[in-house]
């Protein structure tokens, strides 16, 4: 009965707005953060940090960015990767061309550039809706990729168009080892997740959901549609931009424009579909799923005697599994893994009773 | 019962994720970041098929001085982050067998694992592709763009055009169009082409085809208007057959199109059908099965039913043979390193020494049964490329026929450009280059 | 001027190829309100199945019939397993489901038939045809002719048959159609099957043009701006949109490309579509519903 | 109720048509401050369209509107809300993915002064304002007896309660003019009585001017101070309930043939 709620009433509205209303949830979160910040870097192997945790965190963040726009504000986008690219290339160029710019500021400014790009391509949303908006986001996707490939200034005229990470250094501390890159990523992810969580619980978040659920009614009760939509694009773009910079510099170390192609946008979209549209925790569940499923499948096939299933077929199988899962989730649980997780928690709250 | 099975699988998964495991015997391990699905699967299945078959063949002959070769595959789908995940997963070796070198056959993955390879002291082999300035081994000790880097490639093509026109001086006033894939890979050689155009006085037009390249009408109409003497095709995947088809459609003679190293396989020409007849491309190695080493592979591996190719008809094609060539170079490096460090499984650092001292002359190539398949190759601390020569082949509608002898790139001309770039990289990254005069 | 005309005709003919894919879209959207992203995957599946059968020695028409049967089976399966459980859900949900569907189809196609590139020869010579100093591609002309035939066939189906009548009824008002006893699931299955047939034709023509391989499924990205310009619900729109996109992107590449460095064909159609949208938010031929509150 | 002399809302010669089809032709009437005005008429008479004109969802082709002393030709919904017009819809237009409390809070969005960034970072004016907003929302919720469902998703509520939540959302904006589009449609007698009482309470306690559309003539006669009758887009009656009830044209067009 660790989920005892007895006696936990919110005495003030302020208490009701807290991150988690229940003490147990709050303590679990603190424990998780402590574990993530203090224990993981100490015990995580290179492989875990480099190949699983960092991409998981970055993809969660990208999912969060898109979820604000699509899950909360209801604006469908297939251009997430474009804004990630803007974030990455802006951060790279800022680090290169502004001497002495602190790394954290560089990444944050990269996010600001991405936000600006996102608002620009979000402008048509003031006039067009639904699928038609896909055109604008796809235009962003293809145009940005073209721009960074075409104009070699963006990659400092490197012959290959590949950009490499600026020195990962904060106040004299070198963060280029796996644990350092992990902590840097984690820091951004935690900060932005808290920010996003506050935003969706605030007036702006409610306005987004109002626009999503019924925009005519939203307009009638005085919600400024244009401002609300564009703020969604801006915040989403900012977070995606930071995610792009982290993807390029704390995860891969190098990146070329092609690394942010349409399939990356799809990947981010799948994270939020599987994780749960309009849910903050869902991004993490969805990203974990997307990162771990392929690895799990390939390890599983490694257990089979060789020759039973070849690597190629496995990849096809994985594609099919992904597709089926997406369809399955949409049919059975449109709110994704986040909803399943919530149900599990509800169970725990009333345990050992059944209801 | 169900739960027990589930738990066992889960336990195995966790064990797998945490890697490690039992200590293994006398084995040398090759981590294979292969790709067998996705848009570039045709190249991956051929290359890794040839590579694996060669390793099997070496094992059938008793391994390298008794050290058995072992490998495992990790599918990358040519996607960079999957390649990185595979790298991180496999770099530690398998069951105690240490990794010798990684061979991703992907520019993107090579770039993303470049720093990691150096940090982990594991050679990164980018045969026929990769980062041009990694030719300079003093800055990139662990990276080997074996045989041919992108700059050498265009230089050799221009030299060939010169030969065809009756001397490099005859290039003056000729019109050459380069049709390139709209990606960093496609653009990489443009500055060199411009340099060569200035040097030899030919008129160069660079035309971009946006990825993936399945529509090229406007580009070829432009080419028709320019009426060039030659078209250099720097294509990739579907762009190649479409280029050939569109060339035919717009009436450009296909036998004046020269494909580069990623436009030179059966899979690039065959889908274009008749339109590809007469198409010329470069190759670092001929296709075909007549070489003794391939005959041996056929006997010991393929005929024993252990061949890696799903489609046996692809035995001896361009990608397959590239895999075999790559296998030969990797195994030779291990063999060489064993001569120095002892006949046992070696670390990546030791294998690196072997690569850096590769010296395949005609005699050794004949012993290997690979004379004519692999070009003579001599590497050093300063030169991680080695060869820099290509042959030209022509498509006859069903197979490639070699139509030239080895044509050498003008490596002297390229060297200063490469060094300038590697110096810049060293400065950006804070690397102190090795002094090659002191390396043994 | 000659050159301009040549580029223009080349573009128009290429546009017809885009329309071919877009028509499949329109059919499905009209009947079931689904924005079917999997149309590209269906094109790939059809072409790959067809070419693999031919390579295994099945004669042309036999392979055609077998592939068609496979497409119909696929359509029935999609209706049963995807559309029916998702009935009455938001269009965005349905769209995302077709994204998943495209993954399933692509994976299945490659798992079944392998990932190699196949050449596909329809037996149409592609010697350029010289017409008053202008080169015309025989193959493209053939493709345009096929597209015209297909459109004629489909309009006959829509306008002259009982089936067509119920199709239109469903398109106008699904609930009303239900009330007069039209069985929706059956209609959906039929429409998806017809779209599968369109996909097969598109797959053969595109396959012959590009070789049959994975990137065939990417043609869907070319069809999208076509739909936007033409409107989701109009067959005429799909054709006109295709012509506009084809001609627009080729002319832009040739005349605008050199100014900005070329290679703009990937995004130009989208920019063009966006421009059209800002003027006509439901496409040239699309219907815009009056919002009722 | 100091300026009781001047009407809160005056419509002058409003005409509206869709693609050439006339929905409203040349309608004028006044809505007095602090009163409940009912719009009645058969289906398709143009009642909802008229509400849509008043708060700017539709743009009339002719005529002008005087609201609270301000004359205007047309309006957009946002400005209407800013000027103090709130409304409910014939087909419930709640935000289905949100709780009752959140729906009510959206109604208060115009009363916000702190910026979104202050709110996101919980600094500056935001925390105090959050409390104030919540308090007002709770008052409205209490007023309409919605407390038990405060945290329930509106889509999970029964129809009658959803209607009430919609009223709560509109009230939360503290409007000068409240437009109610068939607030009692589809309700049973008990629910209708309850809703009528709420509307009357709103009018009495907050002095809110109400314009409502209703079919149940009994409810209309009991609740409203003033009745306007529409038929085929024309006004055929206008006055106190008793007077309208006796108007022969109205009887012929509407009361005689109940829809």
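The first chain written gets the first letter, and so on, giving A, B, C and D; residue counts start at 1 in each chain.
Heads up, the rule we're going with is that a contact is a pair of C-beta atoms (placed from the backbone, for glycine too) under 8 Å apart; a residue touches a chain by one contact, two chains touch by 3 or more.
Model, not experiment: these values are computed from the prediction.
Engineer: Which chains contact both chain C and chain D?
Structural biologist: A
Engineer: Which chain is the middle one, judged by CA centres?
Structural biologist: The chain sitting closest to the overall C-alpha centre is A.
Engineer: Please identify which chain has its centre, taken as the mean of its CA atoms, farthest from the centre of chain C.
Structural biologist: D
Engineer: So what's the Cα centroid distance for chain A and chain C, whole Å?
Structural biologist: 33
Engineer: How many Å are there between the centre of chain B and the centre of chain C, using C-alpha atoms for each centre?
Structural biologist: 37
Engineer: Could you give the separation in Å between the centres of chain B and chain D, each centre being the mean of its C-alpha atoms?
Structural biologist: 72
Engineer: Any chance you could list the residues of chain B touching two or more other chains?
Structural biologist: Counting only residues that touch two or more other chains, chain B contributes 36-38, 41, 45, 182, 208, 210-211, 310.
Engineer: Quick check: what residues of chain D touch more than one other chain, meaning two or more?
Structural biologist: Those would be 57, 89, 93.
Engineer: Which residue numbers or ranges of chain C touch two or more of the other chains?
Structural biologist: In chain C, the residues touching two or more other chains are 110, 115, 261, 263-264, 266, 293.
Engineer: Looking at the complex, which residues from chain B come into contact with chain C?
Structural biologist: Counting only chain B, the residues touching chain C are 36-39, 41-42, 45, 182, 207-212, 214-215, 217-219, 221-222, 224-225, 237-238, 241-242, 245, 248-251, 267, 270-275, 310-311, 314.
Engineer: Any idea which chain A residues touch chain D in the complex?
Structural biologist: Its residues touching chain D are 12-14, 16-17, 195, 198-199, 202-204, 206-207, 209-210, 212-214, 216-225, 231, 278.
Engineer: Per the contact definition, I'd like the list of chain A residues that touch chain B in the complex.
Structural biologist: 45-48, 50-52, 55, 146, 149-150, 152, 155, 159-162, 164, 167, 251-259, 263, 294-296, 298-300, 302-303, 310-312, 314-316, 319
Engineer: Contact residues on chain A for chain C in the complex?
Structural biologist: It is residues 76, 124, 127-132, 134-136, 138-139, 142-143, 145-146, 149-151, 216-217, 220, 262, 266, 269-270, 273, 312-313, 316-320, 322-327, 330-331, 334 of chain A that touch chain C.
Engineer: Please name which positions on chain C make contact with chain A in the complex.
Structural biologist: 35, 81-82, 85-86, 89, 91-93, 95-97, 99-108, 110-111, 115, 221, 224-225, 228, 232, 260-261, 263-264, 266-267, 270-271, 273-274, 277-278, 281-282, 291, 293
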